[in-house]
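Multiple structures are listed underneath, in structure tokens.
In what follows, chain A forms one complex with chain B and a second complex with chain C.
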Partner chain A sequence: MTENTNTNKINSFQKEQNKVEMRKQIITFALMIFFTMIAFFAVMLGVSSTFVIPLILILAIVQVGFQFYYFMHMKDKGHEIVSGMIFGGILVAFLVIITFVAITWW
Partner chain B sequence: MSHDHSLNPETMPEDPAKATMEGKHKFLGLWIFLGGETVLFACLFGTYLALRNSTAGGPSSQDLFGLELVFLMTLLLLTSSLTSVYAIYHMKNNNFKKMQLWFGITALLGLSFLGLEIYEFAHYITDYGFTFRSSAFGSAFYALVGFHGGHVVFGLSWLIAIMVRNAKRGLSLYNAPKYNTFGLYWHFIDVVWVFIFTVVYLMGMVG
Partner chain C sequence: MSIATTQKRGFGAVLWDYLTTVDHKKIGILYIIGGGFFFLLGGLEALLIRIQLIKPENDFISAGLYNEMITMHGTTMIFLAAMPILVGLMNYVMPLQIGARDVAFPFLNSLGFWLFFLGGILLNLSWFTGAPDAGWTNYAPLSVQSPGHGVDFYVMGLQLSGAGTLMGGINFIVTIVTMRAPGMTYMRMPLFSWTTLVTSILILFAFPALTVNLFLMMFDRMFGTAFFDIGLGGNSIIWQHLFWIFGHPEVYILILPAFGIFSEIIPTFAKKRLFGYTAMVFATFLIAFLGFMVWAHHMFTVGLGPVANSIFAVATMAIAVPTGIKIFNWLLTLWGGSITINSAMLWTLAFIPSFTIGGMTGVMLGSSVADYQYHDTYFVVAHFHYVIVGGVVFAILAAMHYWWPKMFGRILHEGMGKLAFWTFFIGFHLTFFIQHFLGLMGMPRRYWVFLENQGLDTGNLISTIGAFFMTFGVIVFLINIIYTAVKGEKAPADPWDARTLEWAIPSPPAHYNFKQLPLVRGLDPLWIEKTEGKGKMTPAEPVDEIHMPNGTILPFIMTLGFTIASYGFIYQVDHKGWLIAVYAGMAIALGCMLIRSLKDDHGYHITKEELEREAD
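This part shows the complex of A and B:
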């Protein structure tokens, strides 16, 4: 913060930035609602299960990506270590689920 | 800097939640916690996926689930995620009252979600006799969905505690990280719910 005599200007710039960010998050929210509705309708309409299960799983993964990257700001800089934590968790999560299901059914 | 950390337009940092060392540590600590939570819920999901057809002659997922209720619960929790984004937006603009208002709406939406979940469980138990002990499917279902509900209860208690505790203090570098940490936790609850409604309810209806 050097040579910033005009703090009001800084604040209005920040406010504008926050507003742009907010707009993105509202779009994200609308898309998430939209994906949720597609998933529910696909199941309610009784689309065949070989098609609908991959579809709803992909929609869920996309929604979770939105949630992490936009709502929880993982796309912003300074989130490298944080991403490591979550992706580490997701990696172990996959192994756990595959293992549990494989032990029981194969 | 004095001990008074309250914020005015001159001292307002870009992100009050991460302006102090304590704030940075809380932020990192919460994400480490969320990484662990991912693994914890993976264990519950793995168990559920392995046991979801083991109904032992009791009610199956097709007999029990009603998608209308689940859809409503999903909308409530998803919207509460957005309202907490609004609250953090007002925090960044140093508007404490609006932040409290939007977090208040978040709490109400969370409470409605919880009410519907309690209704759902009560409905299964009284109308279908479907309990934790009915079958392996019952145990896995209540463990997974109930554990998520427990997280919602914990989150609501946490939110109400910080809202009441800081009600008269105004926004400061001391309490901004607390609200921000809660916001991240609440989004994570929603992340888990997205997988619950997909894997448990929707896949349960498909078969």
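This part shows the complex of A and C:
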């Protein structure tokens, strides 16, 4: 059970916290747009694909991380169960992919 | 407003009440009734299968009908009987055990039930036009080439009921994570609630694989794709992998709640705290985790190669370790306890050796080298019936005896309970023990007939006789239900001198469950209050208004829409006119979703005065 759900009585500490949180959200948002632009420009400028493909993959993984931890609040307290579930789901999805790549199609 | 205090109502009013209910207790009962109905259907199919195999070269039913019979028996028992009854028990008991007033999403709960039920009805309607006949595993390419609409019904029926189960799973997870009573920490939750949580996690991760698989099958059969067609560059092994990635966790979805039920019954009737509670929780998680790593042990003979086979064989055998932890913990809970033996306890005590036999043959089958001998013989049939009947069905029957007083306010008749137990128990071992040997002698599963003088005659006869004993046991249980409903002994709130929260409230509970949420002071909260406190739960809050959800007919209509659309999908292959059904059905379903989204429904409040009037 969460203790403080009463939004009328946000104290100054809470306000400061919200401000910091907002700044973080905006920074991550800007970073994600920036990463997407890098990916687009890398393809448009015709950089060799041996470089572009790993670059895009790395950027994608970082963006997924941002998505989970900032926008879906997995970094906040009380989200341990959610994290556990998401990583469990990732594990199962990974298993399925490994199976098809390693056993069925390889 | 318990059932006892309400006035007699007309049949129409009761029907409307159950069609629109969002109360987790009523939905739990609906699940149990629905699952029980399909259990009887599946049992009837099993009986017909055994009659066909009573003697060599029997022609009681035709080969085609036999194929339909085995397919529908397996599918019905797994998806429409065992799982829904367990989901029903979870629905009824879990919120009471963790001290909640309902599940987190009552609307979703109702929708989940109707999807399961109408999905099951849709699947069984196929009997009128030709049932699915490709086995409950529905392997491609056999299923893709199966003529008629049987397999289409399998695909659409399971898609609907699978969606319902998925919703149920999500609902339970959210309920347990967010709605535990004050003081009910995770490590104070009763083991049945724990297994509900872990089972729901398994449902959440396993069912999407089935959903995807069924969609691939649907597109292959109805819209001309070739996911499983080798001739056009597809691969039929994809079906098997996806099916078992879902199918093996499914086995644990069935058995973990059963473990939870026994972990409730044994401490209650042994009058001892569950031995090794922490180890039991840990073992539950370990089984769930390993359950995702072993699906290919169903596919040892497919030709995955020695490396893959070895990995999966080792992982499979590893599951014996946490299961063993559980078996020993139950034995040690019994050890030195002051044991009461009644019907619930008889099923529990019979479960331990029966399930252990099934577990042992499981380890034998897990050895990939030996599996080439056992694969697709009656040895496998014997193995999975030992774990599913000896584990899940015994657990369901034990749970019926254990929680019946809580659910219906009456105690099931002990004498009939014991008669049902002994006939079913003896019949079960007669039916399936001999099948191990039939399998070792080489009798293949799923065959319509067997030949004379191959050493299979007596074994099959004994097996069929056992099936009749089991039928007798089930009939006695049904008579017991009717007898109890008419003149069963009235149950007090706590008939078993039990330990967990659900026994702290009246039987059957009020629709808001707890007038005041209880304060939980440790594991087995009611037992703690009995031994160290006042004998009843201390409230954690003053009597105050209770917020309750309104009943709604939308889930039922929505599901009706999906069912009509499914019918349209199945038959649009023959005639494009059936697309009307697809559009109409989807319009109904989406319309209901729209109404649900746009119309605010804030529920209602039970006032303080009303609560105080209903003195307990």
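Observations on the model:
Going forward, the second predicted complex is superposed on the first by the 91 of 106 C-alpha atoms of A that agree within 3 Å, B and C clash if a C-alpha of one lies under 4 Å from a C-alpha of the other, contacts with A are read in each partner's own complex, and residues count from 1 in each chain.
We adopt the following convention: a contact is a pair of C-beta atoms (placed from the backbone, for glycine too) under 8 Å apart; a residue touches a chain by one contact, two chains touch by 3 or more.
This one's a predicted model, so the numbers in the text were calculated from it and none came from an experiment.
Look at A:92: by the touch rule set out above, it reaches both chain B and chain C.
Once the two complexes are overlaid on the shared chain, A:101 sits against chain B while remaining clear of chain C.
Looking at the shared chain after the overlay, A:54 reaches neither chain B nor chain C. Of the two partner chains, both chain B and chain C are touched by A:81. By the touch criterion defined above, A:68 lies against chain B but remains apart from chain C after alignment on the C-alpha atoms of chain A. The wider contact with chain A, measured as residues touched, comes from B rather than the other of chain B and chain C.
The interface of chain A with chain B overlaps its interface with chain C at residues 81, 85, 88-89, 92, 96, 99-100, 103-105. Within the complex, the chain C residues that touch chain A are 173, 177, 182, 201, 204-206, 209, 235, 237-238, 241-242, 245, 292-293, 296, 304-305, 308. Note for the complex: chain A touches chain C at residues 1, 81, 85, 88-89, 91-92, 95-96, 99-100, 102-105. Residues of chain A touching chain B in their complex: 7-8, 11, 14-15, 18, 21-22, 25-26, 29, 32-33, 36, 39-40, 43-44, 49, 52-53, 56-57, 59-60, 63-64, 67-68, 71-72, 78, 81-82, 85-86, 88-90, 92-94, 96-97, 99-101, 103-105. Interface of chain B with chain A (complex): residues 9-10, 12, 14, 18, 27-28, 31-32, 34-39, 41-43, 45-47, 49-51, 67, 71, 74-75, 78, 81-82, 85-86, 89, 92-93, 184, 187-188, 190-191, 194-195, 197-199, 202-203, 205-207.
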